[in-house]
Structure formats: C-alpha cells, structure tokens
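Step one of this worksheet: look at the structure below.
Here the chain labels run A, B, C and D in written order, and each chain numbers its own residues starting at 1.
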Amino acid sequence: MSDDLVFGLYIFALATFVGYQVISRVPPLLHTPLMSGTNAISGISLVGSLVAAGGKHDLTSSILGFVAVTAASINVVGGFMITDRMLRMFNKKKSPALPPAAAAGAKRPVKTA
Amino acid sequence: MSDDLVFGLYIFALATFVGYQVISRVPPLLHTPLMSGTNAISGISLVGSLVAAGGKHDLTSSILGFVAVTAASINVVGGFMITDRMLRMFNKKKSPALPPAAAAGAKRPVKTA
Amino acid sequence: MREQFISLAYLVASILFIMCLRGLSSPEQGRRGIFLGELGMLIAVVATLFKAEIITFEWIIAGLLLGSLIGTAISLRIPMTQMPERIALSHAFGGLATSLVGVAEYHRVRDIAAQLATDAITVAQAGHGMTRLEMGSLGFEVFLGSLTFTGSLMAFGKLQGFITGAPVTWKGQNLMNFGAFGGAIVLLVYQVIFLADAPQWMFFTMCGTGFSLGVLAVLPIGGADMPVVISLLNSYAGLAACATGFALRSNILIISGALDGSSGLLLSLLMSKAMNRSFANVLFGAFGTGDSGGVTAPGAGPARAFNDATIEDAAAVLAASQTVIIVPGYGMAVSQAQHAVRDLAAALEKNGTEVKYAIHPVAGRMPGHMNVLLAEANVPYDALFDLDMINDDFARTDAVIVVGANDVVNPGAKTDTKSPIYGMPVFNVEQARSVIVLKRSMNTGFAGVENELFFLPNTMMVLGDAKKTLISLFGAVKGDGH
Amino acid sequence: MREQFISLAYLVASILFIMCLRGLSSPEQGRRGIFLGELGMLIAVVATLFKAEIITFEWIIAGLLLGSLIGTAISLRIPMTQMPERIALSHAFGGLATSLVGVAEYHRVRDIAAQLATDAITVAQAGHGMTRLEMGSLGFEVFLGSLTFTGSLMAFGKLQGFITGAPVTWKGQNLMNFGAFGGAIVLLVYQVIFLADAPQWMFFTMCGTGFSLGVLAVLPIGGADMPVVISLLNSYAGLAACATGFALRSNILIISGALDGSSGLLLSLLMSKAMNRSFANVLFGAFGTGDSGGVTAPGAGPARAFNDATIEDAAAVLAASQTVIIVPGYGMAVSQAQHAVRDLAAALEKNGTEVKYAIHPVAGRMPGHMNVLLAEANVPYDALFDLDMINDDFARTDAVIVVGANDVVNPGAKTDTKSPIYGMPVFNVEQARSVIVLKRSMNTGFAGVENELFFLPNTMMVLGDAKKTLISLFGAVKGDGH
C-alpha cells in the first residue's frame, strides 16, 4: 500500500462528501442543467488526454491521445455551452405574453375554492 | 514549495468546504451543542500530544507532552460528555407536566385571532 | 517547483468546479456558476500545457480544435427535447476519452519496460516502473471507461430508436454478464500481481470485455429506463475518472470524478425512488418498452367506452373554468408542444383564468425534463409547482389539461396494489371538476399499464398529436374559431 | 506499511468526525452523531499509539487519566447556565495543548540540529532536518495556540467576573497590538528563512508575544461580546490545529482543524450579523459592558413613570388570556429561571391557555443559549419558535411574558435610527394586548440602551429576580394564593 494510494483516498473521501452535499442542494427544477453541467466537468479527463497526445512517445500514443483530446473537448465545450443555453432560458418574471395580474396569481398556489 | 504543502492545501480546501456545508445545516436550536461538539473534536490535537509525550526525547519534551495530553484529553472527554448530556435534554414529545392537548396546540404556530 | 505550481493551479480549478455546482442550487446563480466552471477548466488546461511531459503540440491543437468545433455544432443544433440523447452521447465520449488515456498510458509504460529489458535504455531514462497502484487503477479506468462508452452508445441508440427499445433478453443472460465481469476482475488481479510480467493480451482482453459488457448489460433494459441507465453510467464515468486520477497521481481528476460520480448516483437513486423501483429491478428487471403503447395492458381486451371529446367540447369547458392546472408529460416532449402549451395558457389567462403547471419529478424521460422544455417556451419557473406543493389544489380546480402525461396521472398507482407502478406518487387529477387528456390514442405509457383515469365520467379524451390539438384549442379559446 | 495503515485509520476517524457534525443537523440524530465522533476519536488515539515514534507510555497514560478525570468532573458538575464559561475554558485548554505540542516539536528538532552540529549523532540518526514548511507551520501553530490560550482565559475571566467586564482601553492600544502582531510575523519570517541558524530566543519571543496578545486583544472588548470573541478564538484554534497538521504531516489534524475553524467562523458571523455589528466593531469597538445596567442610557436622566405592577396584577392578566407567548432572555439564564418558566407554562396550559416560546437568535449570551436552558427544563423543542416563525403572532396574542429579555424586545431597534442596535431584528412584543416584563430593575441590557417598551401603557413591569417572580406567579395562577 503506497502513500499515493492513501493520499488519493483522502482526496476521494473528502471530494465525495463535498459532491454529495453540493448536489443534494440542487432543486429538481435544475436537474437537467445539473446533468449536462457535471458532464462538462467530467471533460476534465482532457488533462490526462493532453499528456498522452503531447507525450511524443510514439505514433500510437499520439493518435490515441488525439482521439481522447477530441472526445474530451467535445464534452467540455458542448457541455458548458448547452448548460448555459438552458440556464439562460430559466427566468422568473412573467414573459410579456402574459398579463402581470396572472404573474401575481401564479406566484404561489392560490387556495381559492 | 514542497509536495507536502500542496497536498496539505488540497486537504485543507476540501475539508473547509465540507465543514462549511455541514455546519451551515445545523439549526440554531443546536448551536450550543455544536460549539461544545466541535470543541471535543478539536481535542484531536491529542494525536500530536501523544507523540510528544511518548517520544522519550528528553524530560522537557516529555513534560510538555504530558501537559498537552492532559489538556487535550480534558477537551475530548469533557466535550463529548457535555454535548451528549445536552442532546439528551432535547426531546420532542411534551413532558408529562403538560396535557397532550397543549402539545398538539404547540406543534406549529396556531393562527388564532 | 513547476510541478507544484501546476498542482496548485489544479487546486484552484477544482475549487472553481465545486463553486460551479453550488451555483446550480438556484436559477439566478446558475449562469455565474457555469462561468466559474469554464474558468476552472481553462486554468486546468493551461496549467497542463506547462507539464514537462508535453513536448509536441500539433496533436493537441488539432484535437482541441476538432473537439471544440464538434462540441459547438452539437450544442447549437440540438433541440431541448433531445437532451437525454445528447447526454447519453456525451457520456460515450467521456468514456472513450478515459479509456483511451488508460490504454495510451499502459502502452507507454509497457514499452519502456520492454526497452529496459533489452537494455535499449537505462533505468534512469526509464524513470520509475509501473507500480501496483498504477496497474490497478489503469485497469479499473480502462474497464469502466470502455463499459461506459459502449453502454452509453447503446442507451443513445435505444433512445433514438436505432436499437429496439424493447428489452432483449435470453436465458442465462445475467449469469453470462456476471461471468464476463468476474473474468475481467480475475485478469486485472493477475496483472496487478505480476505487473510487467503479465502478458499484454490480458490487458486488451479486459478492455474488450468492458466494451462488450457495455452492450450486453444495456440490451435487456427497456428504452424508457434509459434515463436511469444514463445516470448510472454517469457515476461509472465518475469512478473511471477517479481511477485515472489514482493512476496519473492527479488530484483534480479524483475530485472531478467524485463530483461527477455522486451526481450520477444521486440522480439515478432519485429516479428509481420516484418510480418506486429498485436499482436491481431497473438493471435486471427487463421492464419498460420505451415506445409507449408497445405493451398492450392486461385489462385492455375489447375497446372500453370512453368520453371521446372534440376541440369544441374542450374549449367550452376551458372557457367556463376559473382555475386550470396543466399537467405536462412525456408526450409534450415527443410532440414538442411546449410553445403551444404556453400560448394556450396565455390565452386562458387573458380571459382571466388562473393557470398553474404541475410538474411531476419523473414526468418525461429525464429529471427536470418538463422544467427545461417549459423554460424554453419561457414559462416563468415560479408558475411550476411540484407534487407536494400542488397535489391538494386539484380538488379545488375547475379543469386539468393533461398534455401527453399518463403514468404520472394514473390513479391506479394509489389504489391498484397489483399495478407495477403501485406506490409511485401521482397527481390527484381525477379530483378536478373536469379533466382534458391530450394524447394520440388509448395506448399505455412508459409503464405499459392501463390508466383508469381515461375512462372516468369527468375525463374528456381529445385524441391526436398534442401540439396540433393545443393549437386548435388555442384558436377555439381565442374565439376566432381557427 | 504501518504508517499507511495508521493514516488509513486517521481517514476513517476524519470521516466519523464529519458524520458526527452532520448528526447535529437534527436533535433526533444528534446523539448518534456524538457516538460516531467518540468512536472516531478512539480509533485515532489507538492508531497513534502504534506510531513508531512512541516509545514510552507512562507519561501518556498519566496524562490521559488525569485529563479524563478533570474532563469528567467538569462536565458532570457544570450547570447549563455556565456553558459560555465552560466553552471558553476548554478553548484555553485546546490552545495550550496545540502550543505545547509546537514547542516540544521545536525543542526536539533544534536539539537534533545541535547534536548534529557537534557530531554527537550522525545525519542518519538525525533523520531529515527541519524544512521551511515545518518551521513556518510550527511558528504559526505556537503563535495562534498561545494567543487562543490566554485570550480564552481572559474571556473566561470576563464572563466569570474575575476581570472587569467593562472594556479596558487606552490610547494607541490598537496600534500597539498591531505592532506586536507585526513583530511576531517578522520573527517568524526570519526563522523560516534561516531555519536552524535563527537564534532560539526568536521562537520563544514569538511564543511570548502570542501569550500577551491574547490578553491585550481581549482587554478592550466588553464582557457581553465575549461569545463572539469565543467563537472567533474557536476558529483561531482550528487554524492552529491545521498548522499542526502541516507541521506534523497529519491530515486528520488539518481536517479537524478545518471543521473546527469553519464552525467558529460561521457562528461568530451569525452572532455579529444578528446583533447587526461588524467584526471590526466587535473587536475594536470597545462596546458592551457585560454587567447589564452598568451603562446608564442617555435618555435615562430623572426616573420616568412606568407601570409598576404586582404579582396579582400580572396573574389576573394571565388568567384572562387565551394565548400567551413567553420571551426568555439573558435574565432567565442569570436567575436560572428555566424550570420556573416551565412550571408557569404548565399551569397556564392546565387552565386551557395556549403557551408558546419565542426564541431570539441572540437571546442570552451564546448561540442556542435559551434552547439549551429550556431543553434542560424539558420544554419540548417543537414549542420553541424563532423570529420569523412567530413574529406575526404577537399582534394576535393576549399576553407576552418577557423573562429577563431586554435588547431582543426593544422596539427602538426598529424605529430609532440613532440606537446602537438599530436594524437588529427584534420581536414585536409591543403589538400584544398586554406585555408582562420580569426584570430586577429599570436598568438597560447588554447593549446599554434605554428600552421604550418598558414605558408603554400596555406594559406591566414586575420587578425582582425572575425566578422568584415566576414562582410567586405560578402560585397565584394555580390560585392557591400563598
């Protein structure tokens, strides 16, 4: 059992706590953006791919790395763009299409019999 | 700048996040137990004290260590005992002294004019 | 020194990623959060380019450019209704990347070992050989990565319909899958023990097993269960990233992997809980057929009488209603009816009717599916109410419009103990004065169970594509006939 | 290998500590949480005893025994009303321990360095010398530890009244403190640069500066501000623990330190926010006098007319009330009246009166102070309501009993822009039909400001020790006169 393993386990355990707590605070309203957001973040495997692609070990490595970089950056770019596009759509105030009166009415479940 | 420093910073940053999130979920109701609870946990400096006290480097170290061990274990033992004593006092159901009717009444702020 | 600065940069990036997810706890802070995430990613990438191991840049630049192009193209052209597909696809990319990184690293290390054996290079040049930790995590990474890759492709296929949504099952299927899984583990253990002395075919066999397991494991799962599968694969991808982190001693990979993993796990738990099904049931239950209506419900038999209503009937009811609740479902996504819904609601509100939306946690095919679609049609999110907030209001409501929802409005879930969705919380729509259901046929929904609601006296079935129906309803309500 | 197992054990312990604090998010899980915390501590201690550095056990055992004895004694004998004092004291112990560990380590390392210089031992025996990181964190640890030690002792003294609660101030005080602080930093930097070549007196001077700063920094702070100071010292103690962790390469110390630190910081922020004061104002504002009444408010001058009521008057009002809200404050703690309060409430409820408790976030002298006291008198916590939950109910309430509260029921905080507590959220007690205030005199409370409430026509002042008054009230309400 190496120091690296133990260190890694510390990071892993703490990060899992953080992750669990942060995610469980995300409301259902934003679960789809959450999915594509984490997706973009998972594109961090880009870091590993870059090393492989730039390692100049031999052609095989470079090509493998190249494909990896491509795939990962699709996720990063795509993920962040879509998530942002989604979040831009969520707005609180009524759209002009609807009269303000209705907006007020819709603010909370009105208990009218 | 050493690896140890960087690594320590990772642990510190993550632990701070965890701490911040966990603590902010504690209701005011339990803030006093929280204070004495963290107090007990801070007694973990015991770990450092033990090494100093058991190091057999020279008498000075041993005595310093001894005092440290004493002080730290006061916190650990005292802290956990008091916190538990406090938490034992918090109970939801009405005490026999009060009629059940009142208990029901007290469940939530009753809006009686 | 440089190494330490790089890993400090990674620390900053990791913190930014955490802030990014924290931002998603409210729509207001969401975009700021995403910005922080992008910043973190930028920092991480730039820092990486300073690594000593990186010598040439042409492959890197090519990859980054190509990837960004494709990424942009996809994200600009994909309609919101295709989100589940898109997410499945990007999990596939993620899995692929992880697994390839693993293979490349393995290839490099083995090469060095070989050269060392033939004295082509000195130990000094070789640097430290492969440790057990590295071998173990590499194996893990490649296996999980490959599995995620093919698994997500399968999920994508099933959602798109390239591959039949129906569960493909055969005898001893689970046994076979578990066998393959066990085999891969055995191979991994052997390699961890013997390191460079283990034959390379073992590594690639293990990798191949991962690829095939991804396919085999998803085949028996119904198309409509794909969302759960996707979230689960998401958490596998997270684990794979963590493994990469262990292999390459990179904390940022471990942290992001953990974030990713916990999100995937939490969402899939949420879904199976809301459908009240166990993981086991989702993964091995061969349940759900994807294309609604595929399953003919037991109670169906000879067509039963139901209240087949016209646009005019529905419009009349709506005109007479003070309070209306709209319950969207998967059908709204299929017919892309979100804008039509918004217009109808606006028209009703102009007539002084109060309109609210009831959003079920598992309406649609993905968590938050309905919310995104309605947000796209720019319905303000404070007009959307979830189960416990609105369920008592139905009894006090004049009319409910069910737009392509089925299971989430099935009263059987409350009463019929034999129903497969018994116990799943549903909306009490049947308590409303009158219920208008928009769907194409009397077919069943995702769960493939008959819905008594459709046969209740106070229910009007307006059959046809939801979007078309809504547009005509809009016309009728506006009073200009259409 | 052994080392790794130990640090795995530490990981488990750290996780248990986190679970422990998570448990405190609800009274039901609280005790289970504490149990996990104890378990974690046990694991950590046992694991430590396996460390190779530990050779002899007599000092350890002696210390553990003595510490446990004292700890048990304190925790069994301390009354709940003394909590703030107790917490201050244990911060002092914590600070002492941290600082001594630092000194011992420094002593050891310097010794080795010396022996090495005189060739008394070989480099091999010496092991690695002191690194800059170690020196830096050691210095930090010792400085913060000493500061926490004396600072907490001062806080304890001020709360107990050994030391005058009044702010002790003189010209150029802050300047002097900052000077001392700066000096310590300079010394530390010098030592970090020159390591073993730096003279030892520097280290001990730095340590001494810490001790004196603890005293000097707390002197100018009013006794009633001690809770904020204590929480702040709590977060310093946390930082010190983190520093120890860096010095001894011990993650568990870093983690626990971070948990401790964030808790201290959050609580002190909460307090100063609820009192709407800035940190700066608390630390350098020389505000608050501790013994309520010490400050005579500006508007006091000649005694103003107020409605001086007897027990009987109050009892009559209570007898005629359907709804009663009890607002406890610091005075309840001073007179230990929590049980008397509980009895009176019980008597009232027997007469069919509905009784609720309104708990202000900063009532008393410590976060959650009132909650603990009432819990001790076993008042169920679901009868306690905080500010935003109950503040609208006062207008609909027949009678409010203010038990030794003052600032938290001061309407001036809402209206009088010149009042030092202007903007601090307070209870709208004055809106109740009648208000019964139990306190010993017309003196001011913590903030030292006059309270208009006491002069309102619908307010009855029943002067005297809260406990005594409540007991007689109880008698009067039960109707057996006495």
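Here is the rule we use: a residue touches a chain if its C-beta (ideal position, glycine included) is under 8 Å from a C-beta of that chain, and two chains touch if they have at least 3 such contacts.
Here the structure is a predicted model, which means the values were calculated and not measured.
Both chain A and chain C are touched by B. A count of C-beta contacts for the chain pairs B-C and B-D puts B-D on top.
Each chain gets a centre from the mean of its Cα atoms; the one farthest from the centre of chain C is D.
Separation between the centroids of chain A and chain B, computed from CA atoms only, is 34 Å. Distance between chain B and chain C, defined via averaged C-alpha coordinates, is recorded as 40 Å. Inter-chain centre distance (chain B to chain D, centres taken as mean C-alpha positions): 12 Å.
Taking the mean of the C-alpha atoms as each chain's centre, chain C and chain D sit 47 Å apart. Of all residues in chain C, those that touch two or more other chains are 14, 18, 251, 255.
In chain A, 2, 5, 10-11, 14-15, 17-18, 22 are the positions where the chain touches two or more neighbouring chains simultaneously. Pairwise chain contacts present here: A-B, A-C, A-D, B-C, B-D [touch as defined]. Residues 2, 4-5, 8, 11-12, 15-16, 18-20, 22-58, 60-95, 97-99, 101-103, 105-113 of chain A touch chain C in their complex.
Contact residues of chain C toward chain A in the complex are 10, 13-14, 17-18, 20-22, 24-28, 30-31, 33-34, 37-38, 41, 44-45, 48-49, 51, 53-57, 59-60, 62-64, 66-68, 70-72, 74-76, 78, 80, 83, 86-87, 90-91, 93-94, 96-98, 100-101, 103-105, 107-108, 111, 131-133, 231, 234, 237-238, 241-242, 244-246, 248-264, 266-267, 270, 322-323, 342-343, 345-346, 349-350, 354-356, 359, 361, 366-369, 371-372, 375-376, 378-386, 389-390, 393, 396.
If you check the complex, the residues on chain A that touch chain B are 7, 10-11, 14-15, 17-18, 21-22.
For chain D in complex with chain A, the touching residues are 1, 4-5, 7-8, 11, 14-15, 18, 251, 255. Listed in rising order, the residues of chain B touching chain C in the complex are 1-3, 5-6, 9-10, 13-14, 17.
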